[in-house]
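Scrolling down, you'll hit the structures one after another.
Common to both upcoming complexes is chain A, partnered first by chain B, then by chain C.
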Partner chain A sequence: MIFSLALRSLGNRRSTALLTVAAIAVSVALLLGVQKMRTAARESFANTVSGVDLIVGARSGQLNLLLYSVFRVGDATANVSWESYQKIARHPDVAWTIPISLGDSHRGFRVLGTTNDYFRHYHYAGERALVFTEGKPFAALYDVVLGADVARALGYRLGSEVVVAHGLGNVSFALHKDKPFRVVGILAPTGTPVDRTVHVPLEAITAIHQDFQGASQPAIGARIGASAAREQVDLTPQSITAFMVGMRSKVMTFTMQRAINEYRSEPLLAIIPGVALTQLWNLVGIADTALMVIAGFVVLAGLLGMLTAILTSLNERRREMAILRSVGARPRHIFTLLVTEAGLLAASGVLAGVALCYGLLFAAAPLLERHYGLVLPLTGLSTQDAALLGAIVVAGLFMGSWPAWRAYRNTLSDGLTLRV
Partner chain B sequence: MPHRIVSRLSLLALLAMLAPTLSVGEEFEQHDAHEHGRVTLDVALEGGTLVVEWSAPALQVVGFEHAPRTEAERAALASATAWINRGNGVVGVPPAARCRLRSIQHAPPTLAGHRDAAGKTDHDAEHADFRARVSYECAAPAALTWLEPWVLRQLRGVERVEINLVAPGLQRQSTGASAETRVPLR
Partner chain C sequence: MTAAIHARELTYAWPNKPALLDVRDFRIERGERVFLRGPSGSGKSTLLGLLGGVLEPDSGHIELAGTDITPLSASARDRFRGDHLGFIFQMFNLIPYLGVLDNVVLPARFSAARAARVPNGDLEGEARRLLDALGLGARDIASRPVTELSIGQQQRVAAARALLGKPEIIIADEPTSSLDADARTDFLNLLMRECGTQGATLLFVSHDLALGGLFDRTVQLAQINRALEVAA
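Our next item is the complex of A and B:
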């Protein structure tokens, strides 16, 4: 009864009601969006690498090493010598290693020099291994394996020729044109930076740089051609950017980490990816919380807008209330009516906000994935989200009780003789 | 110099095992970041094996970082060393996991003013850390769901605690725990 009265009363003031709902909807969409992005970003980062016990690079900072080795963000301060890498890789407690050599690019995508161990041991999102949609791992020096996004964005297929540029620019003047690579494999999408990486054999990185040793001038004698580079030159790299380590036993992880951090021949740093990631969240957490607080205040502003709309309407509706009283409504009915009205506005605002948020996420997901590698899974509302939204409706009801109280007082004193 | 390298590396028997394979001719020395009030707990878990390695500045363990000068300081050092070697009360775990202490590895820190065999004072060791590695074997590892860092009860003036956790499918760091805070192991 009261519910339908509230609905009809709102219907009578359609435009104000709709605007109020819209204000709440926008604020709720913002709050929910921030919440969703925050969890998606965390999951995306946490899912990028798994099963790697240690990442070893030149001694810098934990976060720096994690960001450049796994997320391809930023650059290495220095490299790791091949001798040190070999020494650690051969240690009896080490099960496997994945060497990583960064620094070149191909049409805006990072080139990563590695070995076939990368395809064997690299895992993401728990236990998922890299899968080839087409082709196979490296077999020859100038083979290249593409991430899913690279293949899609550049339209490459198996057998396509790829020219690697020196440096990281989108358009680089130092192209290694004399040594073209051939696509032998394309990886399935992973939702991690692997998708945007061009993988080449470690030795190929050395080979394409043979010409660049010393200055940018070729070495004395003939230029090293593609075939000669393969046959005549020792292509063992002198250094690599970083490497990932899998231990035989997790129990030895900290011991190995300390041994590497105290290694006296070269300043190296070993990090545990999950631990470094926790530190990253501690850092990002401040900005995160700030965003949530801002979004919370925007919701509060939306609810205050609703309160203003109901309060200002009270005077116009004195006659409506008086008529309701004359047909037998008690003051408490008037109170309930107004609270119900506020509840309806808040609830529809929340529903519209959820719809708006999902609509926006759905529209923005492909863009975010392409440009930032951030995968936004369209998951349902978590219990935390639901609790948050419920709290907004309850807050709306509470806010509605103020105008309801005033209307209640008015109806006690106003008679039908009221002149508006 | 080589004497100190060896003494430091022998802090842990396993480290000492690593030392010959991981060191070559040219060497440099880098000093650990030493932060008073900061305690680290490295917890590794695999199968029924639980390894807890803790390190804390001597200031937090005995209240000073120089060689003991007074009787009271000597007693504090002796009782701390005895406690560490007993291996009791380092962590608390669910009794249902039925964990038994298996081994303790610990070597006392080099405290400044300490005279080595040649009678030379070690000035570099102005800061000293206690570090111990305690291994447990648990009969029912499935019940091993949490851990309490009881070692904090033995330490004084702790301002920051970092608990690094490694287990199959899990890598995490927790901070700010107290001795009674349960750190989930799952």
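Our next item is the complex of A and C:
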């Protein structure tokens, strides 16, 4: 009874009701979107690297090492000598290692020198290994394997020639033009920084840098050609940027970490990726909590809009209330009517917001995945989401009880007097 | 048989104001059609509030159709009003977002007793019958939004609503003041005829004495309200 009255009353003030619902819907879509995004971001973050027990680099900060070795963000302050790397790699408890050499770029994408062990042992999102959509791992010195984003963004296919720029600028004038690479493999998308990486053999990094002295171009006439570089007997690097370690037994991880951190001939740092990822997330998570708080305030603004709409309608509805009372409505009916209206507005707003959010996610998911490697799974509402949405409706009802209380008071004082 | 309306030793004053109403004995018999004349400020709205049970008298008793409503709780009085009284007001009597039929059957939604008194429980049929009896038989009236009706039509819809479910007492508060003279007489004739058919008591409140001749009895509020005599 009261419910159908409330429905019809809202239908009568259709444009105001629709605008109110729209305002709530947009705010709910934002809140839900942020919530989904942060779940997806957290998952995709935690999934960046797995199966790696330790990451070893020159002694700096734990986060710094994680950022440049896994996320290709920032630079190493120092390198790891080849001797130290070999010593640890040959340790009986170590199953495998992946050397990493960073420092060059190709049209804005980081170039990473490594070995074929990278394609064999690097895992992400739990148990998932790197997969080649086309081609195969390195076979020759100037072979290059591209991450999915790199191939897509630059339009490279198998056999394309790639020239690596020295340094990290997007547009670098110091190109290793004389030593072009050839694309031999393209990896499947992973949603991790691997997609945005240009992989070359570790030795090739040494080869292209042979005539470079520091960061400046070599003098004319002092260049060493590509074939000459290839013929150089020893392309073993003197140092690498970092390396990843897989242990034979996970139990030994902590012992090995301590041993590396106390390694005497070189200041090294070993981190456990999971621990460092959590620490990094806690840092990044502040921003995402801030987003959530902002989205919460937007929802509050939406509900306040509803409150305004109901409150401003109260005076013009005093006559209606008096009529309802004359046919036998009790003051609590009036109260219920207004709370129901608020509840209907809030609930419709929430429903429309959920629809809007899923619509946008559905439309934006491919774009987000392509451009940012952020995989937004189109999952249903989690219990947490449902609780959040329920809380919004309850908040709507709660806010609606204020105008409802005022109408209740009005109707007590107006009685059967029709006021305009 | 008890009276339709019987007010005894009734007094009422708004907080911190001199007494507005002081009625020693005011009685309307069942089926009687009474014209109560009261200029604005004579305590008319207050009396209607007391009869409708939305106000509580400071002292005295109000008996409606044999029930003393003064000892009842506020919500019991609300229920009593819904069950036994029909109201018609001056203008804009209708809920704007309900259709004509929904406006007419509204009392039955709040009062099971009124709904029970509708023959065969056919609310819509009864609403159509009342509209027809009040000269709103045209098919399209029922389906039109109430805001599109003329004021005269709106008042008839309001009358049909007041009559639905055969309440014992119809209270009409200046229902004709916004109608022209012809429509006024038409409206009153139809209303009285229908009250007669249903055996309802009609208390008609207005300041327009010209209508008095159509009623069984005319009462001046000033005559029954001793508070006004003192003030005068």
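Operating definition for what follows: the second predicted complex is superposed on the first by the 388 of 420 C-alpha atoms of A that agree within 3 Å, B and C clash if a C-alpha of one lies under 4 Å from a C-alpha of the other, contacts with A are read in each partner's own complex, and residues count from 1 in each chain.
Going forward, a contact is a pair of C-beta atoms (placed from the backbone, for glycine too) under 8 Å apart; a residue touches a chain by one contact, two chains touch by 3 or more.
Note that the coordinates shown come from a computational prediction; the quantities given were computed from them, not determined experimentally.
Participant: Quick one: chain B and chain C on chain A, clash or fit?
Facilitator: Superposition check on chain A shows chain B and chain C fit without a clash.
Participant: So which one touches more of the residues on chain A, chain B or chain C?
Facilitator: On the superposition, B touches more of the residues of chain A.
Participant: Who does A:Phe254 touch here: chain B (first), chain C (second), both, or neither?
Facilitator: first
Participant: Taking the superposition on A as described, I'd like to know which of chain B and chain C A:Val56 touches: first, second, both or neither.
Facilitator: After superposing on A, A:Val56 lies clear of both chain B and chain C.
Participant: State whether A:Leu32 touches chain B only (first), chain C only (second), both chains, or neither.
Facilitator: Neither partner.
Participant: Using the touch definition from the top, say if A:Asn12 reaches chain B (first), chain C (second), both or neither.
Facilitator: Once the two structures are laid over each other on A, A:Asn12 reaches chain C alone.
Participant: For A:Val298, using the defined touch cut-off, is the partner it touches chain B, chain C, both, or neither? Pick first, second, both or neither.
Facilitator: So A:Val298 meets neither chain B nor chain C here.
Participant: So, A:Arg330: does it touch chain B (first), chain C (second), both, or neither?
Facilitator: second
Participant: Once both complexes sit on top of each other, what is the least C-alpha distance from chain B to chain C, rounded to whole angstrom?
Facilitator: Here the least C-alpha separation of chain B and chain C stands at 55 Å.
Participant: Report, in rising order, the residues of chain A that make contact with chain B in one complex and with chain C in the other.
Facilitator: The overlap between the chain B and chain C interfaces on chain A is empty, containing no residue.
Participant: Spell out the residues on chain B that touch chain A in their complex, using ranges where they run on.
Facilitator: Against chain A, the touching part of chain B is residues 5, 9, 12, 14-15, 18-19, 21-30, 32, 42, 44-46, 49, 51, 53, 164, 166-175.
Participant: Using the touch definition up top, name the residues of chain C that touch chain A in the complex.
Facilitator: 45, 48-49, 52, 54-55, 74-75, 78-79, 81-83, 87, 89-90, 92-98, 102, 106-107, 109-111, 114, 161
Participant: Which residues of chain A touch chain C in the complex?
Facilitator: 1, 5, 8-9, 11-13, 319-320, 322-333, 415-418
Participant: Taking the complex as given, what residues does chain A use to touch chain B?
Facilitator: 50, 53, 59, 83, 87-88, 91, 126-127, 249-256, 258-260, 262-265, 267, 272-275, 277-279, 282
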